[in-house]
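Structure provided below as structure tokens; questions to follow.
So that you can tell them apart, the chains are marked A, B, C, D and E in the order they are listed, and the count of residues begins at 1 in each.
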Amino acid sequence: MLEALWNNVDYVASVVLFCIGLYIIIAKNNLIKKFLGLNIMETAVFSFIIALGVIDGGDAPIMGAGAHAPFSSPVPQALVLTGIVVAVSTTALALSLIIRIYRQCGTIEADELREME
Amino acid sequence: MSAVFDIMLLVFLIVTALAVARAKDLLGAAILFSSYSLMMCLLWQHRGAPDVAMTEAAVGAGITTVLFLVAIGRTTRREK
Amino acid sequence: MKKAFVAALLILTAMPLLIGVAALPPHGDPDTPVHTHISARYLEEGREEAGADNIVTGVLLNYRGLDTAGEVTVIFTALMAGLAVLISHKKQPEGDAAYDAAEAAAEDAPVRAPVSPVVSFVVRLLAPFIALFAVYVIVNGHVTPGGGFQGGAILGALFIALTIVLGRERTRTLMPRLAQPWMQGAALLTFVGVGIVGGALTGYFLGFPADASLHLARKLMMLVLEAGIGLGGAAVFATLFLQMEAE
Amino acid sequence: MEVTDIRVILAPAISLLCAALVFLAGSNKHWRRFWMLSAATLKLGVVMSMLPGSLQGTVYTWGMIEFTPGIGLAFRADALGMFFAVVSSTLWVITTIYAIGYMTGDEHRVRFFGFFALCVSTTVGLAFAENLLTFFLFYEMLTICTYPLVIHDETPDALKAGRKYLTYTLIGGAFIMVGSVIVYDATGTLSLGHPGILSAELGTRTLLLIFVSLVGGFAVKAAVMPLHGWLPSAMVAPTPVSALLHAVAVVKAGAFGILRTVYNVFGVDLLEDIGFAVPLMWIAAFTILAASLVAIFQDNIKRRLAFSTISQLSYIVLGAALLTPFAATAAIVHIANQAFAKITMFFVAGAIQRTTGKTNVHELAGIGYRMPWTMGAFTVAALSFIGMPLFAGFITKWYLSLGALESGEYWVLAVMIASSLFNAAYFLPIVYLAFFKAPPGTQLRVAEARPTLLISTLVAAAYVIVLGTTAEVPGMPFSLAQAAVHFVFGM
Amino acid sequence: MAAWPHWLPLVVLAPLLGAVFTPVVSLRSRHVAPWWALAVMSATSVAALFLVLRVASEGPFSYLPGGWQPPYGIELRFDEFSAVISVICLIGWLAVLYSLRYTEWLREVPKQRIPYYYALLLLNLGGMIGFVVTGDLFNLFVFLEILSLSAYALVAFSGEHIAEMAAFKYLLMGAISSLLVLFSVGIIFGITGSLNMADVATRIGQLDSAAPAALALAMLAIGFMVKAAVFPVHIWLPDAHAIAPSPISAVLSGLVVKVGIIGLIRVYQIYYAAGVLDLHTLNQVLVWLGAISIVMGAFFAIFQDDIKLMLAYSTISNVGYIVMGLGLSTNFSVIGGSVHVFNHALIKATLFLAAGALIYRTGYRTLTDLRGIGRSMPLTCIAISIGAISIVGIPPTAGFLCKWYIALGAFEADQPFFGFALIFGALFIFIYYIRMVNAFYFQAPVHPEILEVAEAPLSMLAPTLLLASLCLIMGILGRIPLAFIEPAAARLLAPLGG
């Protein structure tokens, strides 16, 4: 098990980052902070997916002059590109909401907002 | 050598992420997050994913951070 | 109590994740399904089939074009969502000029601290070069790292920087009111347009002709797509920034 | 012999249409009365027109909708169903006349008559239900339609009673649903067959589950103790509603459901084999006695009648549980006997309340001088319950006793006798008070209730006597009940 | 016409493209936006109709955008479960029509926002259509994001005091669940090297270790359960659905939560076919969570005074039915559960639209305030009553057959306890709808002016009544959807030998 974890240290790092992000979301009170946490989670997942496509001694999957096999898998990269866009879209919407919430309630601390309800 | 670089990057990432969690100043947290993204971008470049690295640099470190900064500017800088 | 709950939840998340990922095929091994199944075909045939040296671009635009169409729709959604959430009563008089949200907002934008002259100078100096770089990234997306989206993000960032330095009045001429919705929707519009052209040529929506005789057409279609994505992305980011700033 | 015949759905449809027309007529009382009366008569006519065929063993059917194979709404008028339908449509005519008189001037008359008609529609639907699903549907509709009637006055008391009523009956309904699902799962059909659709191969556990779900569910409306709590509370409703609830629609729906379960879901033979009916018998006997005992101590007339109803209903349950032809005859025929006698009593109670404002037993002293006809009708009904020959109740007790002898359950005879005594104990004092206990200074001037109230009361009372004296005359309900029994027991 | 192959991409892209054009057509006047949206939805509905006809006549079919054979390209796969797009189009169309008056009435909302509302609604509907017709795991995620993002924004649209907070709560949970889905898509790609669902199903069984597959399954299930608002992760739903504008509540409750269900069905399609894991544990978990959802949702609903909050809780309990049906994994229960996806959409849309009409006319939203409304808005209240009896599951309404089938499934699977839970859950539901009917018809009004209000305007009344009548029609014609979904359910369960 430990050896497997060591071999897959990239995956493990992603999981750790994922959990840190989750921790921020659950434990922190500030909405912006929560969202930073979510972004960390997202990058962690992206990192995991990128790591899936890695091949030992591989090159970027760009077939130009000087490129030589083996190449990293292009699919995870394409997925992550889309994923990043999705992440920034979510962030933009969330921050818009946070701005509005601050406008209306004067605070972005989750517990204070809960009291206002 | 490469493995050492990798491990350093990963450790650095985790440390930055923890720093984001600890920071009380939201502006600081956002900047830390930006550096986290840049670190991620380096890692991905190193993993043979230059496209993604570029996107992460432009979007993750760039646009996302700007949006966070705007939001912090429009709300509050301190986390209670 | 809360701490215990958080700790429990984290452990409950981490343990299965670790057990699961530890059992994944070994990292970096070339014989795993990731590398032997569809990726292999992309890497072997992709250059000819999809018409892009950068296989990632080939996958994005050609093999998995619908994903990318969805992706540009997602940022468009984010824009619509941001506008629907952010536009507020106070700043905009009642009227039919629904769409110059950013413009109207600019009129009474908050007074901001003046930008340092050094920064201002550097931004202005670099602006043309950054723009050129962005265009390069967009146009060369199929041979080098980069592509429409990355270029669009750079363009958007440039626009944001210019707005901060020069003020809204100067930059809004870059996005005229009547052109705004077109620019924001450019990405999906080009996707559908190119998709239909491709459909006419190949019989499949979003198809790219693989014939040698139509190579030029294929190149052109890709270029148009990249340009559309870049323009759309830039416009969306710029508008979102302006709107959030104005609020 | 089965015949496809539209009259089977025409009968419930008439009342349904009537309800719609009543709602449409709004506050125009002439149209409303016209629709109510013509629909009631028309329906009685339709049901009666099927009677001759039914007596000869013809079964009328009409399949309506099939949602999916085996699950749908279908109607079938066999002798047992016809019996229930005849009783309820006859009573509808009488009750309508009474209600028109009783409700004059009430605020929510439109709603009252609309839902009243709906209730009757569902009752006939119940009677003609071909399968458990149709039965369940009308059973639940009955619950919903009677709810506005129970809370008619919209007082807090009425609303509270309505809640109680709904809670009891809906939970009962849920049990019936459970039972139906298990039946379908076990047999792949829901049709109320002959001689039952279940077989012993299903295993005791499944059968027990079905029996408890179905009988338990129906027992709520049949007010078998200890599931009777809603019934006395629901007394807050206007008197015609109480009459309808207690005599025709609701409680009889429950009792009828138990009959259907025993005869058409399980079948007599199967129940005999597995012996589930024995505990039911004991519960029914207990209810007969306990409810009678409680009734003795009630002062409010309607509450006393309510406990009497609880007691009487268990005659039907007991009759069904004895599983012999004679007992079955008693059970079926008691649907009619109890209905007419009890409705008479409620009419009387209502008439007294509307005319004099009195609602308690001790206030009735001397009322017989003032309203001799009304109290005469009451006396007839009371004698029927006590089981005097020549009155309807006697028939029930006679056949029930025969059934008990037939099955060797001799203790039932004791229950019969005790019950008669209890009945006498709580009804005769009223009669005595009314006729022989005039307080000094009472004006001995006859001041009867309104003609509509009086006439319908007297008609109902007349029926009690007719049922008691003409049992052997062909064409009367009794012959129909016997036809049903012949069918059920394959005689 | 039905044979024309390109309906499938068209039905996905039409609403999305329509959304892109919404700001363009509204440049001159914002009043164009609703009519434009209506036109777009009409076109989409036509396409959807042809697709449904085709799947009914020839079974599932695929479309390959770009012409790449799966698994190399994306596959759009239209099977019987995808026929839920018919409901999406119908309710979407009616919601647009309904919004015509409703959005203009929202006082808190600046009028300039309104075109974006229609754009978002179209995006939401387009995202859902894409989600249910795609045959590719990652594509599923992309469409999931389109529909989720637009849903978050639509919740916030009403501009009421806590709308943004509700939306944020929804967003946070939704984003985490999307992330779980993405994570598991990554894992699945890691172990199979493929993203096409059918291909994944054949390859996922060839593994040395089942742990990653199990992890992916768990994360997918949790992710979709959040979207579907199943018991422990339902907490975002009540606020979001109650605060959103009523037509949006109808779309969210009727359709968007169903997307989670369709997602679960897709997961099952992969894992049952693969046979790599014994899904008994997951099924048992789903059945329990479904049962708890049913009872808990109904229980909380009883104590709500706010009519929309009550409906929102009832959504939780109805989703519980569907999840329980899936988890019981017998033929009957899966058919019942899948058909309830359709029928509950119709029923809940009826209820939310009718509730919206009441709020629109009176400005009140609690049962106490709305007492006596049945006298002044009879048609709307009849619609609510029809919706109420449907949702309880009384024959012959739309809700009956599904619940009957699910209950039957419970007994068939020899888990009678859940049959009881289901039927008594329905009883709870009955109780709170009776509370509602009681307030509308039988209790004296708190506000006398409520007796004076007029019936809802036609653009709101017509959709409500149409949906209400569909609740009845779908009940009477209940065997049509059952027969329609049956082959799909049989195919889903075939690997189980069922």
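As a working rule, a contact is a pair of C-beta atoms (placed from the backbone, for glycine too) under 8 Å apart; a residue touches a chain by one contact, two chains touch by 3 or more.
Here the structure is a predicted model, which is why all the values come from computation and not from measurement.
A.B. asks: In contact with subunit B and with subunit C at once: which chains are those? Just list them.
C.D. replies: Looking at subunit C and subunit B together, the chains touching each of them are A.
A.B. asks: According to the touch definition, list the chains common to the neighbour sets of subunit D and subunit E.
C.D. replies: Neighbours common to subunit D and subunit E are absent.
A.B. asks: Treat touching chains as neighbours: how many steps, at the fewest, connect subunit B to subunit D?
C.D. replies: Minimum number of steps from subunit B to subunit D: 3.
A.B. asks: Hey, which chain ends up farthest from subunit D, C-alpha centres compared?
C.D. replies: Result for max centroid distance from subunit D is chain B.
A.B. asks: What's the distance between the Cα centroids of subunit A and subunit C, rounded to whole Å?
C.D. replies: Measuring from centre to centre gives 17 Å for this pair.
A.B. asks: Could you please state the distance in Å, as a whole number, between where the Cα atoms of subunit A are centred and where those of subunit E are centred?
C.D. replies: Here subunit A and subunit E have centroids separated by 28 Å.
A.B. asks: I'd like to verify one number: the distance from the centre of subunit C to the centre of subunit D, where each centre is the average of its C-alpha atoms, in whole angstrom.
C.D. replies: 74
A.B. asks: Counting only residues that touch at least 2 other chains, which ones in subunit A make the list?
C.D. replies: Only 9-10, 16, 18, 22-23, 48, 51-55, 58, 60-62, 71, 75-77, 79, 81-82, 85-86, 88-90, 92-93, 95, 97-100 qualify.
A.B. asks: By the touch rule stated above, which residues of subunit C touch at least two different other chains?
C.D. replies: 17, 19, 21-24, 34-35, 38-39, 42, 54, 56, 64, 67, 70-71, 74, 77-78, 81-82, 85, 88, 145, 149, 240, 244, 247
A.B. asks: So which stretches of subunit E touch two or more other chains?
C.D. replies: Where subunit E meets two or more other chains at a single residue, that happens at 138, 142, 145, 149, 152-153, 156, 164, 167, 189-190, 195.
A.B. asks: Let me make sure I understand the interfaces: which chain pairs count as touching?
C.D. replies: Contacting pairs: A-B, A-C, A-E, B-C, C-E, D-E.
A.B. asks: For subunit D, which residues count as touching subunit E in their complex?
C.D. replies: For this pair, the touching residues of subunit D are 65-69, 71, 73, 133, 136-137, 140-141, 147-148, 151, 154, 159, 166-167, 170-171, 173-174, 177-178, 181-182, 184-185, 209.
A.B. asks: Residue numbers of subunit C touching subunit E in their complex, please.
C.D. replies: Interface residues on the subunit C side: 16-17, 19-25, 32-39, 41-42, 62-67, 69-71, 73-74, 76-78, 80-85, 87-89, 92, 94, 96, 98-99, 101, 178, 180-182, 184-185, 188-189, 192, 195, 198-199, 202-208.
A.B. asks: List the residues on subunit A that touch subunit E in their complex, please.
C.D. replies: 18, 22, 25, 31, 34, 38, 41-42, 45, 48-49, 52, 75-76, 79, 82-83, 86, 89-90, 93-94, 97-98, 100-101, 104-105, 113, 116-117
A.B. asks: If we count contacts the way the header does, which residues on subunit C are in touch with subunit A in the complex?
C.D. replies: 2-3, 6, 9-10, 13-14, 17-19, 21-24, 26-30, 34-35, 38-39, 42-43, 46-47, 53-56, 58-60, 64, 67-68, 70-72, 74-75, 77-79, 81-82, 85-86, 88, 143-145, 149, 240, 243-244, 247
A.B. asks: Which of the residues in subunit E end up touching subunit D in this complex?
C.D. replies: Against subunit D, subunit E makes touches at 394-396, 400-401, 404, 407-408, 411-412, 416, 419-420, 423-424, 426-427, 430-431, 434, 438, 441-444, 475-476, 478-479, 482-483.
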